[in-house]
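Look at the two complexes coming up: subunit A is in both, with subunit B in one and subunit C in the other.
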Partner chain A sequence: MIKFLIKIIFFYYREYKLNLSGFQDILTNIIFFFVSIFIFIFSIGPDKDTISVVGVGILWTLLLLSSTLSLRKFYQDDFENGNLVIMHLNGFSFGFIAILKTLSNFLFVQIPFLLSIPIACILLNIANDKIIYLITSFGISSFILSCLGSISSSMNLMNQRNFLLGSLIVMVFSIPIIIFSVGIINMEESFNSLINILFGILLIVFAINPWASGLCLKLSLENK
Partner chain B sequence: MIIVKDLSVERLDKKIFENINLSLTSGNITILRGKNGSGKSTLLKTILHIIEPSFGTIYWKGKLLKKNLYDFYDNVTYIADKTSSLTKLTVKDNINIWSRIFFSNINNSQLETALKTLKLENYLNKKVGTLSLGETKKLEFLRLIIENKKVWILDEPLSNLDEDSVQLIKQTFEDHCSQGGSIIFSSHQNPGIYVTEEVQL
Partner chain C sequence: MKFLVNPAKFNEVTDYIFKPVLILSVLLFALGLLFSFYLSPDDYQQGSTVRIMYVHVPSAWLALLTYATMTLYSILALAFRIPFGFIFNTAVAPIGAVFTLICIISGSLWGKPMWGTWWVWDARLTSVAILFIIYLIIMFMNLSFENRIVREKVVAVFILVGSVNLPIVKFSVDWWNTLHQPATISKLSKPSIDPSMMIPLIIMTFAFMMIGLAIAILRIKTEIISRKTNLS
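What follows is the complex of A and B.
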C-alpha cells in the first residue's frame, strides 16, 4: 500500500516536472483568458454597469473556452510516446490513470485560472463580495470540467482526425454547470442549494470519468 | 514462465496473425521475426495484455495471464519501438523519474557505470529532445537496468543503433539470461544474437 502511494506521489512529481517544462502553455492559456476579457470590454464599451451585469457570464464563457484549449494535451503526449502503457505496466489500471490525470489537470491547468479570477473580477467590475462565490463555484465546476475533459480527450484518442468534437462535447455538457454557477452569483440566497447541485454533478461525473476514460484509453491503445 | 498457446488476433475481420505458439522460460531468448506490418508489435502488445487476443490463451507462471496480470507486470519491462522518454525533460530528470517510479535499487555508481557503458554520461543535462535517435534508444535501454526485472519485452530494440551499441546490447542480453532472466524481442532483420526460439510471423 505504501509502495503504491509512493508511486502516486512520484507520478505527480513527473507531472509537475512536465508542466514546469511546458509552463509557456499554461501561461498562454492565462494570457488568452485575459486578452479575451479585454476584447469583450472594448466591444461592450466603457459603461461600468453593463460590464458589471454581463461580467459573470463573460468570465464563465472565457474560463470554459480557455480551459478547453489545453484539452488536446490531456492524454495525447503520453499516448504517443507510450507512457500510458508504461504507467499501466507499473500497476495503474486505465481507470486509475484517468483519475490521476484528471487531478493533475485540475492542479496544473485549472488552479492557475482559479488564482486569476480575482484580477479578472476587478477588470469586469464584479463586486468584491461576489468574488468568493465565484471562486467557490469555479473550484467545483473546474473539477467537473477536468472530468469532462478527461472523457472527451480519451475519446479523441480514437478519433485523431476531429479534435473539435471533443471540445464540443465538453461545451455541451458544461451548459448546466454554467447555468448553476452563474445562478450562484446572481441568487446569493440560494447559494447552498445551488452549490449542492453543482457538487452532485461533480460526484456523478467523477464516478463516470474513470470508467468511461479508462475504457476509451484501453480501446485507443488496442487500436493504435 | 510465459506460455502462448494458439494465439490469434483479428482486427476489422482482418487476421493480423494466427495460431502463434511460444514458450519462454528462465534464461531463454525468443525472437519474433517478420516483415514490416507482419504483426510483431501487435503480438508483443497482446502478450502484455494491452491488446485482447481474438483466440488463444497466455499463461504466466502456470496461471492465466488475465488472472495474474499485476504479478506479470511486476516482473516485466517493456520497451516500445518509439521512445518513451520525456523529450521536454533532461536525461537526468528522466532517470530520476524512472528510478523513483520503479523503486529502483540501483545505486549511483552502478548508474554511472551504465551511463558510461552506453556513452551517455556527457548528456545528463541535455534535453532528450535534442538527442539523436540512437542516443534516445540507448537511454531507453537504461530503463532495463533501472527497472531490474526478470522478463524483457522489446520491440525492435536494435533499430537505429550503431555496430558498437548492437554488440553492447548482445552482451547485455547474454548477461541478463545468464542471471536467469528471459527476453522476447522483435526484429525484421537478422540480429546475429543466439536465440532459443524463433517465431516467424
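What follows is the complex of A and C.
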C-alpha cells in the first residue's frame, strides 16, 4: 500500500518536472488567451457597455479554445516514448492512469487559467462581485474539460491524419457545460441549483472517463 | 434472428428481401406522396405548408432511430465481441447524417413561412444540429484512422459517449420552453393529430424506413465485401 502511494507521488513529481521544463508551453497558451481577448475587443469595438454584456461569453469561448490547444500533448509523449507501458507494468491499470493524468492536467494546465481569470475580468469590464461566481463555475467546469480532454485525446492516439478531430469532440461535448456555466453568472438567484447541475455533469463525466480512456489507451498500445 | 449479427447469414437473408424492400419503398413513396399532396386536407392555420411535415417528421424520427440502432450495435460489438456491429456502424452513419440533414433543411424551409425565420437557437433545433455534427465526426473518424481494429472500437466508444444527446433531443421540447412544438404523436396519451393527417404521416414514415433499409443493406454488403478483400 505504501509502495503504491510512493509510486503515485513519484508520478506527480515526474509530471511536475515535465511541466516545469515545458513551462513556456503553458505560458504560450495563456498568452494566446489574452491576445484573443484583445482581438475580440478590437473586432467588437471598445464600447464599455457592449463588452460587459458579451464579456462572459467571450471569456468562456476563449478559455475553452485555449484549453483544447494543448490537448495533443495529453498522452502523446508518454505513448510514443513508452512511458505508458512502464506505468502499466508498475501496477497501474489503464483506467487509473487516465484518472492520474486527468488530475495532473487539471493541476498543471487548467489552474494557470484559473489564476488568469481575474485579470481577464478587469480587461473585459466584468463586475467585481461576479468574479467569484466565475471562478467557482470555471473551477468545476475545467475539471470536466480535463476529463473530456482525456477521453478525446486517448481516442485520437492512433489518428495520424486528422489532429483537429480531438478538439472537435471536446467542443461538441462542452456545449452543456458552457450553457450552465454562463447561466450561473447571469442568474445569481439560482446559483445553487446550477452549481448542482454542473456537479452532476462532473460526476457523470468523471465516471465515464476511466472506462473510455482506459479502453482506448489499451487498444492503441496493443496495435501500436 | 441470427442474420442480425452474422455477416454470412445477413448476406443470405438480404439476398431474398432486398428487392421486395426496394419495390415496397417505391410503392409506399408513390402512395405517401399522393396522400400528402392531394388527399390530405390543408391546415386551418398553416395552410398548405403543413405538407412539409410529411417529410420533416419521418426524417427526424429516422435520424434518431438510426443513432439508437448504432448505439445498440456498439454495445453488442464491444460487450459481446460481435464484429458485425462494427460493420453496421461504419455502413450506417452516413445514412443517419443524410436523414438529419433532410430534417434540418425541411425544418428551416418550414420555419421561414411559419416562424418568420430560417433558424432560431432553440433547444430542439440546437440539439438536432449537434446530432448532425456527431454523425459528421463519426464519418470523419472512419476516414482518418489507418489501423482498422483501433478505428472501429474507438468509433464504437465515441458512439456510446455521444448517445447522451439522444434523450436531450427527445425531451428538449418538454424540459425547456421552445418555439418548436412539443410531441404530438410519440407520447403516452392519445395522439392529438387528426387521422386524415396521421395516415399520410405513417405511410411516409414507412416509406422512409424502407428506403433507409434498402440503402443500409447495400452499404453493409459493400462493407462486408471490402473487409473480406482487406481494402479498408
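Criterion: the second predicted complex is superposed on the first by the 224 of 224 C-alpha atoms of A that agree within 3 Å, B and C clash if a C-alpha of one lies under 4 Å from a C-alpha of the other, contacts with A are read in each partner's own complex, and residues count from 1 in each chain.
By our rule, a contact is a pair of C-beta atoms (placed from the backbone, for glycine too) under 8 Å apart; a residue touches a chain by one contact, two chains touch by 3 or more.
Bear in mind that the values here come from a model prediction, so they are computed numbers and not experimental data.
Undergrad: Have a look at where A:Leu221 lands relative to subunit B and subunit C in the superposition and call it first, second, both or neither.
TA: first
Undergrad: Using the touch definition from the top, say if A:Asn81 reaches subunit B (first), subunit C (second), both or neither.
TA: first
Undergrad: State whether A:Leu18 touches subunit B only (first), subunit C only (second), both chains, or neither.
TA: First partner only.
Undergrad: Is A:Ser43 touching the first partner subunit B, the second partner subunit C, both, or neither of them?
TA: neither
Undergrad: Scan A:Phe10 for contacts with subunit B and subunit C and give back first, second, both or neither.
TA: first
Undergrad: I'd like to check the shared interface: which positions of subunit A are touched by both subunit B and subunit C across the two complexes?
TA: Touching subunit B in the first complex and subunit C in the second, residues 223 of subunit A appear in both lists.
Undergrad: Under the definition above, what is the set of subunit C residues touching subunit A in their complex?
TA: Result: residues 126, 130, 133-134, 137, 140-141, 143-147, 149-151, 153-154, 157-158, 160-162 of subunit C touch subunit A.
Undergrad: In the complex of these two chains, what residues of subunit A are touching subunit B?
TA: 3, 6-7, 10-11, 13-14, 17-18, 21-22, 80-83, 85-86, 88-91, 221-223
Undergrad: If you look only at subunit A, which of its residues touch subunit C in the complex?
TA: 151, 155, 158-162, 165, 168-169, 172-173, 175, 208, 212, 215-216, 219-220, 223
Undergrad: Applying the document's contact rule, which stretches of subunit B touch subunit A when the two form their complex?
TA: For this pair, the touching residues of subunit B are 11, 45, 48, 50-52, 70, 73-74, 76-78, 80, 82-89, 93, 97, 100-103.
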